[in-house]
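Take this structure first; my questions come after.
The first chain written gets the first letter, and so on, giving A, B, C and D; residue counts start at 1 in each chain.
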Amino acid sequence: MNFALLSLATPLFSGLLLLLCDRALKTGTVAFWAIVSTVVSLAAAWLALQDVVDAGTSIMLNLGGWETGLAIRLRLSSLSALLLVFTALMHLLIGLYAGLSRQGIARDYWPLSCFLHGSLAALWLSADLFNLYITLELLGLTAVAMVALSGKKAYKPAANYLILSLAASLFYLLGVALLYGRYGELDVLLLAPRTEADVITRLALLLMTTGLMLKAALWPLHLWLPPAHTSAPTAVSALLSGLVVKGPLFILWVLWSEVAPPELAQQIGPVLAIAGMIALTAGGLSAMRSPYIKTVVAYSTVAQLGYALMALGLLLTWQLPQMHIALWLFVIAHGLAKASLFLAAGEMQSSLGTRRVEGLRGATQTVPVAMFAFAVAGGSLIGLPPSGGFLAKWVLLEPLLSQPGNWPWAIGVLLGTLVSAAYIFRVVALSFDRARINPPDINPDRVGHWLALLPALMVWGMALSGEWLIQLLAGGGV
Amino acid sequence: MTLSWTTVLPVLIILSSLIPGLLIFATPEKAARRRIIINLSGIFVKLMLVALMLAGVSQGLEFSFTIAFLPGAALVLQGDALALQFIALSSVLWLMTTVYAIAYMEKSPLRSRFFGYFSLCVSATVGIALAGNMITFLLFYELLTLATFPLVVHRGTPEAMRAGRIYLAYTLGGGAMLLMGIALLHSIAGTPNFVPGGYVTSLVDGNSLSLRIAFGLMIVGLGVKAALVPLHGWLPQAMVAPAPVSALLHAVAVVKAGAFGIIRVVYDVYGIEATTLLALTQPLMWLAATTIIFASIRALQQQDIKKRLAYSTISQVSYITLGVSLVGPVAAVGAIVHLVHQGLMKITLFFCAGNFAETLGIHKIQEMDGLGQRMPWSMAAFTVGALGMIGVPPIAGFISKWYLVTGALEVNQDWVLLILAGSALLNAAYFMPLIYRGWFHAPPAGGWHENNFAGQRLETHWMLLLPPLVTALLSILVGIFAGSIFSPLGWSQFIVNREFGL
Amino acid sequence: MRPPPGTVQAKETSPVSLELLPDLILTLLLLIMAWGALYAPQRADAMTLFIAFGIVVALIWARLDAPDLALAEAAIGAGLTGVLLMHAARELPGELHQTNRTATYWGALAFAVVASLMFLAHLLYDDSLMSAGLLDAETDMTPRLRTLADAAVPESGVEHPVTAVLLNFRAWDTLLELLVLLFALSGLRQLFRDGQSSENRATSQWPESLALMSAWARVLAPLLVVTGGYLLWRGSSEPGGAFQAGSLLAAAAVILRLTGLLPPLRWSSVLLRLSVVAGALFFLVVAAATAIWGDGWLVYPVAYNGLLIITIEAIATLSIAITLSLLVIGEREDLRT
Amino acid sequence: MTAIELYLTLGVAVFLLSLHGLMTLHDPIRRLIAVNLMGAGTFLVMVSLAKRTEVPDPVLHALVVTGLVVAISATAFALRLIIAANKDDATTSEDSAQR
């Protein structure tokens, strides 16, 4: 557990220190120290993962040494350790891009990205409902602050994002208050055996789910996401889409798979799965129609979260371990693929000087590596073998197809694949058009393009570690 | 998994075209010489490795390579006899097409990209051949789509873009169907390696419905690439691509991948027994038969040479599906050997069509008058290919049709005889006018649109002329020496003996 | 017969008793103000009503025996938010989007009335909420977490239970709490990056003629500082503590800045940055120290946990005061130069 | 009908009212006020739950204090963000607002 706390404290410390000696350091050194702290945090997270794997079960820690009911309890399960490693890896990749690519990033990005990393780590580890509320709030504030990095055009969507995020947190808080009023517990593991399906618990869980769905931009409540993620700087939108929306999804999973009584989870399962399927198609269709590159990628986030929501819904309906594995494989594969997609989109946007998809004509010649990164990352979103996306979709499909009764869900997954293939290949096909090429600026930024490609290669490399990932997640995350 | 040479060889075969491909991507446009050297050296290394594996397999050695990928479904590369034949075909024709493409693409831009994707495409095809289970097959099947799409849209003109979109829509839809079929099959029977008798027979009684649906999904997925009737729409559109690409797509890579997949599914996944038990052979047979007749009739209506050749390919490839669905050993030999023969003949026809277009700017059939006098060698090769397609002995086509007919009679499917005879007539109907125009019509009074390479010793660039002549010669040799053990027929017999356990 | 400790006061016979009158008045007042704050035709009126709403809520906290909250609500809810709203009123006088008034009026009224009636009926007659365990008369409603907290207060190093919970039992929440303030401030700093001119001053120079204003500020500010210090010191045994003290000090800073007595606090000065970051940094250092040398993350050594809590609280108050005042009146000069 | 039930209902009523406000109002500052009212409603519910016993529950009070600080910091940031977002186009409407 100490390594996990180290992995949590390092970014917070470095964020605070960077803010403290803000004037003394040049931007280069700020970036350097931020990346060093991410590397240290990644190493600590990896060691924490080894600890959990050796220990076999999840490791608990009562903060402050008080007894179990009173103190805030941190839980390091195999899932949260894996998510710690994933968060650190994403921050490292995107940090490298932000640091080395010519597009550059505002100086304040670095302390904010350390803070974001710290709050996400606190979220993965916490097993206390109110503590989760505060980590959600931390996440929301840093995300909005980072969206505001790109200047005035981002203020309006950022303000809207913040207002909705505050409202969502209050929904969640009211739910926590009702649960505390009813059961007198705030700790997730103590609440789990005691909850029954009565009016107050139903109301509380409904409130909390609405709040979390709004924060995670899950289908009916996703309207704030595209403007916010499009107007943010490239590196920031990669972080937001790849990581920040996953925090509330994690809490939604904790809520329904542990806190809620099983019969309530059984009832909400199909509803979430259907919402996921609709998100898949609705998000995909609007991604196909939108004329701007970054909006396509933003709507694809909404669509791909539909996959995760469907996996969560089916997990709650049937309690199958494969669904659990599929859910978290989706989260990780989507995170890496989306980061690469956004970085590639940002690179192409700055090299070709256009925000529209039409401007990408002939991109395979003018910015070949960036377009290759876009295509490879898109391949993982669609789920072409041997990418991480394919791994997740395969594990999801297997139980669906075993009983004929579940085939409609499989058709939903098929629909999702076709829709995501449509909006990815709409962009990729356009880039092969040599008739009306959009000429790039004098020397496109090679380093930036290769760094955009890095996460995509990683998501395709996931196939090699597929077996290990699946075996790690098989523990059910408890 | 011990790393002996028998396990590493399959990987080396794939890498022998993958690595040159990546290197070619990196070579700048101007460095033509370096690109040619890398390309040709890659081809020769692959041919050496294939020969090595050929020798090994004939001595009964086992070549297989596995990596853990999914729970219960590893990535397996298996070098068995069926795979080897397809690899041998694709390597030889890759050599021919590369030589041809070097001359054909001399003036056009983006050759590094072209040859890069070219070799990626061949490594995907070899991967399909070597795939040891359905998951690996799916992996290379999807990679083939991604590798061939840039070739189809290589010219980047609006028509090429339109053809590319249609191609993507069909192949990605097919890929998704194939994935669902494989996933459904995996949930029933898991994904063990390919086994000659198939691994599904014991499970037939329990879940026959889902097995039928899985088979249907897989055939639809594979049918897109094998251009079975309702799913053939993309093939004629893809004629917009440059000649070497249409040659490669039709004779070697995409179309054959689909047919090869059907062979694998029927023989090594379901097995003869299970397919007959589930009564799946009848619908497959009707589908193949309708494709043969329908495509031949459509070919008659085409005015453009390449479009006509495209429809002829659709009908010819369905011979393989027909042979497979006849489920008799003799018909199986006919189907597997036709895989090779059709490859050789069709690539000759496309090379010649490319020559006519490149040298004299001829695209329509009416413009073929008097070609025999201006380009006698190309016209001769074209005639050999066309006659082979019709089934005139001793060219290769006759042998596969012969085995298909005897196979059909052996399993007393007499109506198949009518189909094959009808198709032979139709072949004659749409090929004879071209040959007649070429040899017996006077050249056009006003001369041809273009007249490149006029007045030189050879009728056109030597690298454009050599490949069709070699493949035409091969078609004849393969026909004449069909009896010997080393001919495609002998090798197919060896495969079928192993498949049917004779 | 006194009701046994821990159970709800026995329900009187008549649904509404005289003793409930002040609560009824406050409830009615609050509902009207809430409705006005939302749907008042002029936005300026809505803002003033919202500030009044803050005051009434502070009264309700006091009525519900929550002195800590009453203090915090009055200082933060009504005070600082009021200054912010006034600043917003001056900056954006025009209403940005004209919502069609009539529809929202009646819609809101109908919605609120129906909702409250439904809930009230639910409460009085259906009693399911009662039996649902939220307000069960029979069963002992004290939460288990609360009983553990009460039992552990003696060893927590402070007497006042709320401060014990805030700074010892759930110290991790408070640490993250300080970070929330810090993140909000670093977010605010992004708004002044592209160097607009200084006309976006939160505190445009008030006419000096308002001598009364500056005189009053000179009297009030020290008073606020003293009360803040008192609240901080008494926090360990009486209602009070870091947040309330911090917000009072912030109020003092705001008054001084509004009357121009407080010069802009330069972000470039290390002192300012140190004080902003000190609260969270010190707490994190203490946590790390207890993890490395002590016997666990945030496990205060029993010998001087009271002293440790007081130091943490003092530094936290300083950084809360500075951060809150910067949040409210921070300008380009403060945050960017 | 005790004081706690009354304030509990009041809390829920304010929450519902401000939720309706959040959905129907379009002006960002009014929506921010609606969110603040929603916060006040939630805290009202929490404090009335705390008052169910003779000595009010300190844990809930601590939670509400934390909630209050979160509310003020987020509102301050949101408000300044709204001002910065609409400042320039506000100047155009400044002359229209010269009453």
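Worth a mention:
Simple rule for what comes next: contacts are C-beta pairs under 8 Å (C-beta built on N, C-alpha and C of every residue); 3 or more make two chains touch, one makes a residue touch a chain.
If you're wondering where the values come from, they're calculated on a predicted model, not measured in any experiment.
Graph distance from chain B to chain C, where chains that touch are one step apart, equals 2.
If you compare A-D with C-D, the chain pair joined by more contacting C-beta pairs is C-D. Centroids of chain B and chain D (each the mean of its C-alpha atoms) stand 69 Å apart. A straight line joining the Cα centres of chain A and chain D is 29 Å long.
Centroids of chain C and chain D (each the mean of its C-alpha atoms) stand 11 Å apart. Chain B has its Cα centroid 43 Å from the Cα centroid of chain A. Residue positions of chain B touching 2 or more other chains: there are none. With touch defined as above, residues shared between interfaces to two or more other chains in chain C number as follows: 134, 142-143, 145-146, 149, 170, 173, 177, 180, 184, 187, 191. Residue positions 130, 134, 137, 141, 144-145, 148, 152, 155, 178, 180-181, 186 of chain A are each in touch with at least two other chains.
Chain pairs that touch one another, listed by label: A-B, A-C, A-D, C-D.
On the side of chain C, the complex with chain A involves touching residues 128-129, 132-134, 142-146, 148-149, 152, 168-173, 176-177, 179-180, 182-184, 186-187, 189-191, 193-194, 267-268, 270, 273-274, 276-277, 280-281, 284, 287-288, 291, 295-300.
Chain B contributes residues 67-71, 73, 75, 110, 113, 135, 138-139, 142, 146, 149-150, 153, 155-158, 161, 164-165, 168, 172-173, 175-176, 179-180, 183-184, 186-188, 209-210 to its touches with chain A in the complex.
Here chain A touches chain D in the complex through residues 130, 134, 137, 140-141, 144-145, 148, 152, 155-156, 158-160, 162-163, 166-167, 169-170, 173-174, 177-178, 180-181, 186, going by the rule given at the top. Looking at the complex, you find that chain A touches chain C at residues 2, 5, 9, 12-13, 16-17, 19-23, 61, 63-67, 69-72, 106, 108, 111-112, 115, 118-119, 122, 130-131, 134-135, 137-138, 141-142, 144-145, 148-149, 151-152, 155, 178, 180-186, 198-200.
Residue ranges on chain C touching chain D, taken from their complex, read 5-9, 11-12, 15-17, 20, 23-24, 27, 30-31, 34-35, 37-39, 43, 46-47, 50, 53-54, 57, 60-61, 63-66, 68-69, 72-73, 76-77, 80-81, 84-85, 87-88, 91-97, 99, 103-104, 107-108, 111-112, 115-116, 119-120, 123-124, 134-135, 141-143, 145-146, 149-150, 161-162, 164-166, 170, 173-174, 177, 180-181, 184-185, 187-188, 191, 196, 200, 241, 243, 247, 320, 323-324, 327-328, 330.
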